[in-house]
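By written order: A, B and C. Residues from 1 in each chain.
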Amino acid sequence: MSDAIVQHAPSLPQPSASALRSSRPAWSRWRRHWQFHLSVAVLAIVIFAASFAPWLSAYDPNGIDLGSALQAPSLQHWFGTDQLGRDVLSRTMSGARLSLFIAFCAVFLAGCGGTLIGILSAYFGGWIDSITMRLADIQYALPPVILAMVVIGVIGPNTANVIIVVTIANWARFARVIRAEALSIKHRDYVLLARLAGASPLRVALRHILPNVRNTFLVLLTLDIGLIIILEAALSFLGLGVQPPDPSWGTMISDGRGQLEHAWWTSVMPGIVMMLTVLAANLAGDHLREGTRLIGEAD
Amino acid sequence: MPAFLLRRIGSALVTLLLMSVLIFVMVRMVGDPAHLMMPPEATEADRALFREQLGLNDPVPVQYARFLSTIVRGDFGNSFHFGVPALSIVEDRLGPSLLLTLSALAFAIFTGVPLGIAAAVKKDGFADQFSKIFAALGQAAPPFFFALLFIRLFSVGLGWLPTGGYGSWQHLVLPVIALGWYSAAGLCRLTQANLTAVLQSEYVKMARIKGVPEHVVVLKHALKNAALPVITFAASQFGILIGGAVSIEAVFSWPGFGSLMVESINQLDFTVVQAAVIVSTLLFIVINFTVDLLYALIDPRISHV
Amino acid sequence: MVFSKVIRGLLAGGALAASLASGVVHATTDKPAVDRDTLVVGVEKEFQNLDGLVTISGDSLRYGWQIYDTLYGFDLEGKIVPRLATSVTISPDSKVFTYKLRKGVKFHNGTQFTSKDVKASVEHILDPKSKSTRRPYFAPIVDSIETPDPYTVTFKLKVPDGAFQNKVAGYLYILPGDYLASLANPDAFAQAPVSLGPYKVKRYAPGGSELVLERFDDFWGEKPKIKTLIFKAITEPVSRVNAILRGEIDVAVVLPFPDYDRLKKEAGLDVISSPVASPLYIRVYTDDPASPFSKREVRQALSYAIDTNAIIKSVLHGVGEPLGTFISNYYPYGAKKSIKAYPYDPKKARELLAKAGYPSGFETTLNIQGDLPKELSETVAAYWGQIGVKVKLNRLTYAAFQRLNNTHASGPLALSQFTNALYDPIHPVGGAFSKDGSWSNYSNPDVEALLQKVNSVSGAQQRGEIFEQVGQILHDDAAGFFLSEYFYIYAKKKSVQWDVQKGSGFLNFRTAGWK
C-alpha cells in the first residue's frame, strides 16, 4: 500500500537565515497566526470526541437496528445511518478513537525507534551505519500491504498488529532525518569533549545528541501523524487493518463505497472528518516547524 | 568516481539480497498454497504431492538456494496459479504502472510547479490563496477517498469519464488526478517556498537594483536555484508511486503493479510475489541512484556519495 | 482565510454531490457494447489458468462450458443430459460405468474425438506433474479406464460411487490425447488450450484481465448465435455495476447485494437473482464434548435466536431465501421443501440455553472470510449477543480460512458457504456433515448410515429420497446454523437473450444471443 503519501514527507527546504528576518516581530507574528490556533482547536475537538466517544455518542456504535438502515442525515442521526442501521456519527467518533490511537502509538514507536536508530547509526558509523541504511532502503522499498498481509498471516488480524505494521513501515523516515542531524552534531565541540573525557557511547548519545535533535523529532512527529493516519485508513480500506465490527475511518469508507450513489454519507462523513483531522495536523506541524526555526534563530 | 560507483553497486546488491531473503521467507509465512488451491476433499497426501510439484517440500534454505541459482538466469519460476513464468506476469503489469506513475508525475509537475511559481511571485494574490487550498487538500485526503469521490461525481454522476479499467486516455484521467494530487501539493509548496526564499535573497535584490526586468529575474535567476530541490523531489516521488498505488488500482481496476502484489499474495502465488517485490526493489534502487546522480551533476558542490 | 475557503469548498462539493445523487436518471443504453455478433461479459475475477482440468473450479466454471465439453452435462435446471456420450450403462453396484460416445465430433484443431481422448483426459488429471486440482475427486475412486473400441469407454471404480455421473459432468472436461502427448510438459496446455466446446480461445490478455473466445464452427451441437465472446475482469464490484449501467458491458455477473434494488429500477436492464444451490451457513464444531456446541439444545437455542427473515431482508437486501437444512431447495433432487427454518423466538432461545446449563450465556468466536458480506456475521453476532452469547469476530483471508477449515482448526464457528459443482447433495453433505468429511466436525450415526447407503445408489429418484431423510435429521439436530440460500445477482441488457444456469455458478453462454 505504498502510496506516494505514505512514504515521503515533502520536506520544505530551510531558507537561509538572511532570507527571513529572525527578530521578535516575526515570532510574535507567528504566535498570532490564527491558522495555527484553529488547527490546534480542531485537533483538540477531534481528540476530545475520540477519547470520550463512549460517553458522548448518543448511540452504540455497534448497535444494529435493521429497521432504520441507510437513513439520510437528520436531527436524530446527524451523520445518518449505515446499512445495518448503526449511527454514523457514533461510529465516526469511535473510529476516530481507534484510528487516532493506532496513529499515535505508531508514530510514537516509529519516532522513538527511528530516532534511536538514527542517532546510534550516526554515532557509530562504519558497517553499523551501512547495514542500518540498507535496512532503511528495504523499509522504503517494501510495500506496506505485503508487510500487513504477512503480519496478519502470521499473528492474525487485530489492532495490535496494525500498530506493528504501521510502525515498521515508518521508522526509516525518522532514522534518516535524525541521522543527518546527528551527523552534524557529532562533530560539535561539546560532543568531542565528552568523548575525550571518556564518556560511553550511550551516554554521549543520550545526554548530548538526543536533546539537540528533540526539536526535529517533535516536528517530524507532527508532520508524520497525518501520513500515518492515512496509511492506517488505506490498510483498513483494503481490509488489512482494523477488523470488524470495530469501526475505523478506513473501514467505514470502504464499507460505504457500494452505497455512494444513494447513501453517500456512510463513506463521505468519516472521510471528511479524517481529512479535517489530517489537515489540522499538517497545518499545526507546519507552523510548529516555522516556530521552532524562528525560535532557534531568535536566540 | 569509479570507487563511488563500486560502492553504490555493492550496497545495491546487498539491499537486493536482503530484500530477496526477506520476501522469500515472509511470503512462506503467510500460508500454504496447497490448502488454497486443492479442493476441500483433498487429503494431506494429495496436498503433499501438490507441494512436491511446486518445490515447497524442501527446507526453506534449500528452496532459497535453488531460487538464487535460477534468478541469475532471469528465471523466477512459474506462477502457481497462471502456470506461466512469474517474471512475464510482472512485466505485463509494469507497463500500466509506469504509465500511471509517469502521468501522475507529469500532472504533479505541470500543475504544482506553475501554481507554486504564481503563488510565490504574487504573495497573497489569487494564485497564492488557491495554491494554499490546493496543497492543503492534496496532502490531507487519502487518494482512495478522492478516487471514490471522483468516480461518483465525474463518472457515474456526470458520465464524462469511464468508471475504471485500462485502455484509452479517458481511463487515465481520474486515476492520475487522484494519485498525483498529493505530489502536486508537495511540489507546489516546495516550489513556492524555494522561490519565495530566493526572490528575497541578496543576489536577486542586486539584480533588481541593477535594473533587470522582473520576469527575467524570476525566470532566469530564481528558477534555476529553485530547480534542484524540485527535481529531486519529483524523482523521489517516482520511486514511491511505482511501488504500488494499491488502493487507486483497486478502485479503478487498473492492472498495475500494486494490485498484482495484493492479488498474488492473497492467492499465495509465491513466485509472483517474489518476482514483483524484487523487481520493484530494483526499480527503487535505480531511481534513488539516478536521483543522487542528478543531484551530484546539477550541484557539484555537493559530494556526499 | 484558508480555512473558510476550505470549508466553503467542501460544502460546495458536498452540495454538488448531493444534487447529483438525487437527480441522476440513468437510461442504460440497450445497444450492444460492440456489435450484434459480440457479447461483452463483465466477470468478478481474472482468468488464471485455461486448463480446465488443472485450475481451481472457481476459475474454470466461467469458461468451462464455453471452451470445453463433457461426456454428460447439466441442463439449465441441473439435470444430467448426454453430451459427448450418447448413452451410459451403470452396473447395479455402481462400480462400472460404460459410456457410448458420439461419432463425428471434432476438436478445435480438427482431430476426431474418440475414447482414447477420454482416457488421456483422466490421466492428465491423475498425473501429479499436471498439478490438477481435480485429482482428489478421481484418484481415490478410479481403478481403471478401458477403451475397447474408439467409441466406448468403461470406467471401473475402486469403490461404489453413485455420484460418479455427476463428477463426470461437473469435472471431467475432455482434452485431445494426441495434442496433450505432443506437449513438452503439462503446463503448456494452458497456453494454447484445445478442446471441443462451442468456442475456442482467440486471445488471453496477460494476467487474465480479458479473455476473448471465438465461435467454433465445427461444434458438434447447436452452434451458438454469438460469434465473439469477450470476458472482461472487473474486480471492483462498484466498477462492475457502473460498467453495466453505462453500457460498457452487455452482461455483468456476481453483483453486490446492495445494488439489487437500484439496478432493478434501471429501464434498460434485466436483473436476475439466481440461486447457486449453496447454503450460507455457520459451520459449528460439535465434536468437542467440553464445548457448549456439543449440546443439541444449545444449537437449537442459537437457531431460534436468529431472525433469518430480517437478515435476508436487510443484509442481503432481500436476495435470499430461508433455509431449514443444509440441502438447498434448488438441487434437482434431495431437498425436502417442507423443512422450514427455525422461527425467530428469542424467549424460547433463552429457555433452551438455560435448560442446557448456560443461563447467562457464554463467549465464543466466529471465523469469517473476506469474500462473504461481513455484515452477515456482525448481525448474527448481534442477535446472539441479545441472548447472552458473546461472539468475537475473527476475520481471515480466504487462504487462511481454507487452511483452517482443511485442518479442522476453524472452530468453534465458521461462516461458510458450500458451492454446488455436481448438482448432487453428496458433495456438500459429505464434505460438511459426514464423520470423515474434509470440512466436517460433526458426526451423527444416522447420517453416516444414510450416506453409506447413498454411495451405492445411482439415479436421481433413489438418491433424492435418501437425501431428504438426511436433510430432516440435520434440521432436527440443528447441525449447523442455516442462514439463507446463496444467490448470485446478474444483470444484462434487455436486448440480450440469455438464460442463467440455475443452481450453480457455472456460466453458460451456449444459447445466448441478441433479440
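By definition in this document, a residue touches a chain if its C-beta (ideal position, glycine included) is under 8 Å from a C-beta of that chain, and two chains touch if they have at least 3 such contacts.
In this text, all values refer to a predicted model and were calculated from it rather than measured experimentally.
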Problem set entry | Which of A-C and B-C has more C-beta pairs touching across its chains | B-C
Problem set entry | Maximum centroid distance from chain A, chain identifier (CA atoms) | C
For this session: Provide the C-alpha centroid distance between chain A and chain B, rounded to the nearest whole angstrom.
Result: 21
Exercise. Chain A to chain C: how many Å between their CA centres?
Worked result: 43
Problem set entry | Chain centre separation in whole Å, for chain C relative to chain B (CA means) | 38
Exercise. Which residues does chain A have that touch at least 2 chains other than itself?
Worked result: 149, 153, 257, 260-261, 264, 268, 279
Exercise. At which residue positions does chain B touch at least two other chains?
Worked result: 30-31, 136-137, 149, 151-152, 156, 250-251, 266
For this session: List, in ascending order, every residue of chain C touching at least 2 other chains.
Result: 2, 6, 17, 21, 24, 238, 397, 399-400
For this session: Under the touch definition given earlier, write down the residues of chain B that touch chain C in their complex.
Result: 30-33, 35-43, 46-47, 49-50, 52-54, 78, 81-84, 88-89, 92-93, 129, 132-133, 136-137, 149, 151-153, 155-159, 162-166, 250-253, 255, 259-260, 263, 266-268
Exercise. Which of the residues in chain A come into contact with chain B in the complex?
Worked result: 1-5, 7-8, 10, 12-13, 15-16, 18-20, 130, 133-135, 137-138, 140-143, 145-147, 149-150, 153-154, 226, 230, 233-234, 237-238, 250, 253, 257, 260-261, 264, 267-268, 271, 274-276, 278-279, 282-283
Problem set entry | chain B contact footprint on chain C (complex, rising order) | 1-2, 5-6, 9, 13, 16-17, 20-21, 24, 46, 48-49, 51, 54-57, 128-129, 131, 133-137, 139, 187, 190-191, 206-209, 232, 234-236, 238-239, 242-243, 245-246, 248, 397-400, 402-403, 405-407, 431, 438-439
Seminar exercise, completed: Contacts from chain A onto chain C in the complex sit at residues 35, 38, 62-64, 66, 69, 83-85, 149, 152-153, 156-157, 239, 243-245, 257-262, 264, 268, 272, 279
Seminar exercise, completed: Contacts from chain C onto chain A in the complex sit at residues 2-3, 6, 10, 14, 17-18, 21, 24, 237-238, 256, 258-259, 262, 310-311, 313-315, 370, 374-375, 377-379, 381-382, 393-397, 399-400
